[in-house]
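Pasting the structures here.
Consider the two complexes below, in which chain A is the common component and chain B and chain C are the respective partners.
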Partner chain A sequence: MNKFSTFKTKFNDLRWRMRNYKNDVKSLITNFFDKIYIGRIFKLNFFKGMLYLSPALILILIFTLYPIINSLLMAFYENYTPVDGMIDGFTLDNFKSVLKPGFLVAIKNTALIVFVSVPISVIISLFISVMLNSVKFLKSFFQTIFFLPYVTNTIAIGLVFSLMFDFDYGLINSILEFVGNTFVGDFFDLFGVTISPLHWKDSQATYATAMTTLLIYTIWGSLAFKIMVFTAGLQNIDKQYYDAAKVDGTSKWRIFTKITVPLLSPMIAYITITSFIGAFKSYTTVVALFGETGRTAGSVDLRTIVFYIYGYIMNGNALNPGELSRGAAASLMLFGIILVFTVIQMYVNKKRVHY
Partner chain B sequence: MKNKLTIYSIITIFSELVWIIGSLLTFYYFYRLLDVPEEDQIFDVIRSYDFLGFKNVPETTLNIIMSTCVLILLISTPLLVMNYKNHHTLKNETYERETGIYLIIAGILSIFSLNIFATVVCILTGITIMIKKPRVKIKFVETEFEKKDIKIKSFVNTLLLFFFLSIVAIIVIVPFYWMILTSLMSKSNFSDYTDMNLYLPFSDMYWINFKEALTKADFGLYIKNTLIVAFTTTIGTVFTTILAAFAFSRLEFKGREMIFTTLLMTMMVPGELYVITNFVTISNTFHWYNTFEALIVPFITDVFYIFFLRQTFKQIPDSLYKAAKVDGCSDLKFLMRVMIPIAMPTLITITILNALGTWNAYVWPRLVTESDHYLVSIALRTSFTNSATQMTDYRLQMAAATIITVPILIVFLFARKYIMRGVGRSGTKG
Partner chain C sequence: MEVRLEGLTKQFTETIAVDNVSVTFESGKLIGLLGPSGCGKSTTLFMISGLLKPTKGKIYFGNDDVTNLAPEKRGIGLVFQNYALYPHMTVQQNIMFPLENLKLSRQEALERTKEMATLVGINELLDRKPAQLSGGQQQRVAIARALVKKPRVLLLDEPLSNLDARLRLQTREEIRRIQRETGITTIFVTHDQEEAMSISDKIIVMSKGLVQQEGIPQVVYNKPINLFVSKFLGNPPINTFDGKISNGKIIIGDIELGKTNCNDQNVVIGIRPEDFKVAEDGFEVSITDLSRIGRDTTVYFNLNGIETRALINSEEVSTVNKIKLKVKREKIHLFNPEAGDCINE
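What follows is the complex of A and B.
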């Protein structure tokens, strides 16, 4: 007992002395830093703010800000080799070599996707959300179902579409065959249109059928987000307008064109432009349907602009001198196109399109 | 203390829980039992198994048992969740007449999951509630212009509306249905494409396809890779986002607004622009080609999430912060004790969206990895196509697609509120 208590006092003594030493050293260091005017930095708000920001900020600097500047420069390098970072000088040839016939096909494909799928999907989703807004029973059930395509994997569902449009095993061709054998098929036969299985995406597919497959999948996938935004927008419209229209006995179509669409126009403009931007970057939808070559087996070319950008990096292409510069040049062109739409969006947002 | 209804609901929940766990275990037991067929078999081989003393049980019997298990799971799990939510209202006696109607419907549904116990108790509870809360009849005075033909017209209108909405819903659902249907087909069933198979009987659901897809194409490895990457990036993103959003919303320092505006500006630049430089940085500067670091490090922060969380933090009143400061609470402590609990819904949204993003990622992983570090999307695209003949094994591909889609659907159904909240502000998928 006695032994233990002496040990305890000794230990406490040691602890006390250690604490004193620690405080001495601490005051020494702070005095030293105060003397050379660094100590104040630790007490500055700026230092504290930066401390909290630094994890995110360092990563953003390395992986977002630096690449933007570097890609701008890289597009003008001549014979850039990424392994040692050597360049021969600056040229504009990269832009010239990007603009070969294949790239023009890519621009055509992308433009088709953008200017066909976006308007169609905006109109369809507008109608669906107006319908959805006028039911009360089962509303959230339908909302949940319509939102499903947004969360699921683009590749996985694209492969399902690719199976559904298959010539032999596909559901679509089965339906076409079934419909063609009924009176509907006979009816269409009168006009010289035969409903029969089509080569959607295999080796005998034409540009029209392959593009239709791609557009159907793009529209199917892009409806979800638009329906969600539109239904949210419709709920914010003042009910008074509709009540007033009801008193006047206005027809449904007139209510839609004169009240719903004008009041929803800021939303429609926002959705249209962001979808344009998104559609310009379409890549995974094509990969899911037609594979990484972006072509059907019958060599119908469906590659988009982004295909070209990644084509300069993939499959070891990045190691060849000058390839990455061409990729950077192509991505700058895409950036230019997107910038135009972003500027339009900012302009529209400021004006707030209304009636 | 406890009333009769609480005991009833506890019994229901308990019986459903036992039912779910039982069917899960049964499914797992038979799944373990199944033999993966040999490579390059063109025709189905009818296999038979011995288990628990039974000899030479054909595979179709196993298929029926496993399908029944899945059916029980599909019915019982939602009912369990609903009953669990209802339990609270029953306990506090805040239930309505609708609760009773729902419970009777739930009881009838339980018949299909073969859970007679839950059926009886559910219907009993429902009837008790219906007796306790009789229907309140309110008679409206019919006005002049509410005539019969107008009522019929509006009824027809509603019917048409539901008809169109159902058609759209079917169009949305069909690919998912087709995927699951194909993933369960046997070889002969799939290649017999002359007649449309719109459904499968229980005995023809070949659950072995899932096992085949997981083992043959090494799909288990890719799922493991994706889980590792998703878990790490999500933790990193939440950590960096909380700190940065706190700095942007509470701390006052010089240049804060300037840094924030710069970050917002970068959101306008398409990701394709910085992929090229990032590829060089990752593969040449850091030498991370084909490693997990290449998949994780660039994605442990996101400007949009910082912006999103900052908006939530800004809604927390400043007086709270000042009160904490007066009490001598440090910034970090305030962040941990006050800000994070209040902003929890937003953090859940960020977590789910980030995990979903990794689960669906395709382009960047494709650029910086080779086959042993692939994530699920790439494996799905490349693994099931024979490189020599360019023929795709659709059944296994669809089985793999089902394996990676069903978890997402489950997460979505449970966390719909959080996901839709975040997506509404994020813009397009790109």
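What follows is the complex of A and C.
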């Protein structure tokens, strides 16, 4: 005990001396910069700031900014061969050749994923978070369950989903078959709707069933992160707002729409914008369910825009001059689409979000 | 609406926050619930509001037992310590919010909102957001929001503690005025004795979850029931001395203060600073320090080893550093040293 406390004193002593040393170095640097005076604009603070930022700035220049500018230029190259870097000049043809029917299908697929999965997953995760926030019993247990998908590999979950949506022995079809044989099935029969197993993703799958499978998978996979962000946001809302509302006899639904949602709106805005951007870039989800072809065995095409871009990149060799440029053109278009939507959202948020 | 608590108790897992409290809040009065921090005032208030369920005991509004009634059915207005104004709504929307849950035409709701805004004097602020208001203005909005439903009881939890000293003085007069104008039964929680004493029709002093004393402020002040109450009320605080009663005389050290017909015993003697009077036949003390504020002078001296304060008329303090003081018998408070209870003749 005594030995330990001596050690602790010595350790704290050492820490104190180290802090003194650090302060010395700091004032040395500051004094050094104080002596340098570089014009009127580049005052000391700017110079110092740049120095501190330089490691990050250099990395960003090399690995982010340079590639961005490069791909921007590449989109306008004519017959670009990556091996020797030769081009025949500049052209807009790359954009034209990207815009063939297959790419339009990719745009449609991507748009469906974006505009269906994002709103639904935001709403579902909002409800789940509010409910999680109101349970007391086993709260962290439930939180862990809802967060599990986030720490699990997308491809692995895709395999599980593939099994669940299997025609012959998938869980979903078993349920449909069971329900179809109960009174619920009879009830729906009255309206001409038969509840029976569906071809979700096999060779006989239709566009509708395959896309539904993909959407369910996308929504489910994206819930975890949103739930985590919303739960954290909810915990920051002062409990007294709810007490005040309770005293005034506000209904649960009105409390949700008039207090919880507005007070959470910065988080909702953040999540919506980042999810939209993420959904525009969907790729792994399709691969996880339908493999690298992005198509069902029955040739239903579920490829997204990023699928096309990757396709161009993989074809981009000496034998296919210009493929990389078309990939760059496609990414530029995706960038344009995302930019437009983000700007629109920012504009809408400005009016509706209470910071 | 009279509010009556019968044996109200609230036990949290470890602490008994409110312990068997039975008090009555008279109809139409402004009643101060007073006590040091952590004594259970807020807990009592939240039980009255219905936001907290009592462990034991009953709450009556008039003749109705409301113990198990939901908060919204009790007809109360509640002002929180930090106001809890909805930050995303304007002042008008905040005040109107409670009305939106009632069956009321929008026109009527708007009129009532205007009426309340006029009452608390924030008419020209209706379109602002809470963040654009000063503390005092936010306070008024909170009161307007609590009153707009025309509740039977208004509950205020430390409504002035977030304001600076000058605003606090102003706002407490304001609360007094609003209470007078509306005639609503108001329960006002505070840890500031001066605040409670100055505006309450009645005060209830609490300590450690127990009600110590209740009554008209001046009566409680003049006749504290125990040492705690005597020490808690009054600024500067009461002077206390270890003394004794011997042969019908009240004695501190070798000074005889007065006569009593109590039995001989050791006592704690309490004397408020303003109860010392300059008198030729008094006991002599040596002044160690003086501070003169206008009409009154605070005189510091040592009485039987205790640093003592006396508040006396400035004209009666000469430059000499000896002074003769006396205390009227009814201003000498005697307490039992162990229990702290007041000893009456």
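One rule holds for everything that comes next: the second predicted complex is superposed on the first by the 275 of 355 C-alpha atoms of A that agree within 3 Å, B and C clash if a C-alpha of one lies under 4 Å from a C-alpha of the other, contacts with A are read in each partner's own complex, and residues count from 1 in each chain.
Just so it is clear, a contact is a pair of C-beta atoms (placed from the backbone, for glycine too) under 8 Å apart; a residue touches a chain by one contact, two chains touch by 3 or more.
As the structure is a computational prediction, the values presented were derived from the model and not from experiment.
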Contact-wise, after the overlay, does A:Asp238 reach chain B, chain C, both or neither (first, second, both, neither)? second
Touched chain A residues, chain B compared with chain C: B
Classify the contacts of A:Phe46 with the two partner chains as first (chain B alone), second (chain C alone), both, or neither. first
For A:Gly185 in the superposed arrangement: first (chain B), second (chain C), both or neither? neither
With the two complexes superposed on chain A, say which partner A:Val247 touches: chain B (first), chain C (second), both, or neither. second
Based on the superposed arrangement, let me know which partner A:Pro197 touches: chain B (first), chain C (second), both, or neither? neither
Quick check on the superposed pair: does A:Ile259 touch chain B, chain C, both, or neither? Answer first, second, both or neither. second
Using the superposition described at the top, list the residues of chain A that contact chain B and also contact chain C. none
Interface with chain C, chain A side, in the complex: residues 238, 240-241, 243-251, 254, 258-259, 262-263, 265, 354
Residue ranges of chain C touching chain A (in the complex, touch as defined): 49-51, 70-73, 76-78, 80, 82, 84, 86-88, 97-98, 100-101, 145, 149
Can you check the complex and tell me which residues of chain B touch chain A? 158, 161-162, 164-165, 168-169, 171-176, 178-179, 182, 190-191, 193, 196, 239-241, 243-244, 246-248, 251-256, 259, 262-263, 266, 268-281, 283-284, 297-298, 300-301, 303, 306, 331, 356, 359-360, 362-363, 366-367, 376-378, 380-382, 385, 390, 394, 397-398, 401, 404-405, 408-409, 411-413, 416, 419-420, 423-424, 427-430
Which part of chain A faces chain B closely enough to touch in the complex? 44-46, 48-50, 52-53, 55-57, 59-60, 62-68, 70-71, 74, 82-83, 85, 128, 131-132, 134-135, 138, 142, 144-157, 159-161, 163-164, 166, 168-169, 171, 174-175, 178, 220, 222-223, 225, 228-229, 232, 274-275, 277-278, 281, 283-284, 287-288, 291-292, 297, 306, 309-310, 312-314, 318, 324, 327-328, 331-332, 334-335, 338-339, 342
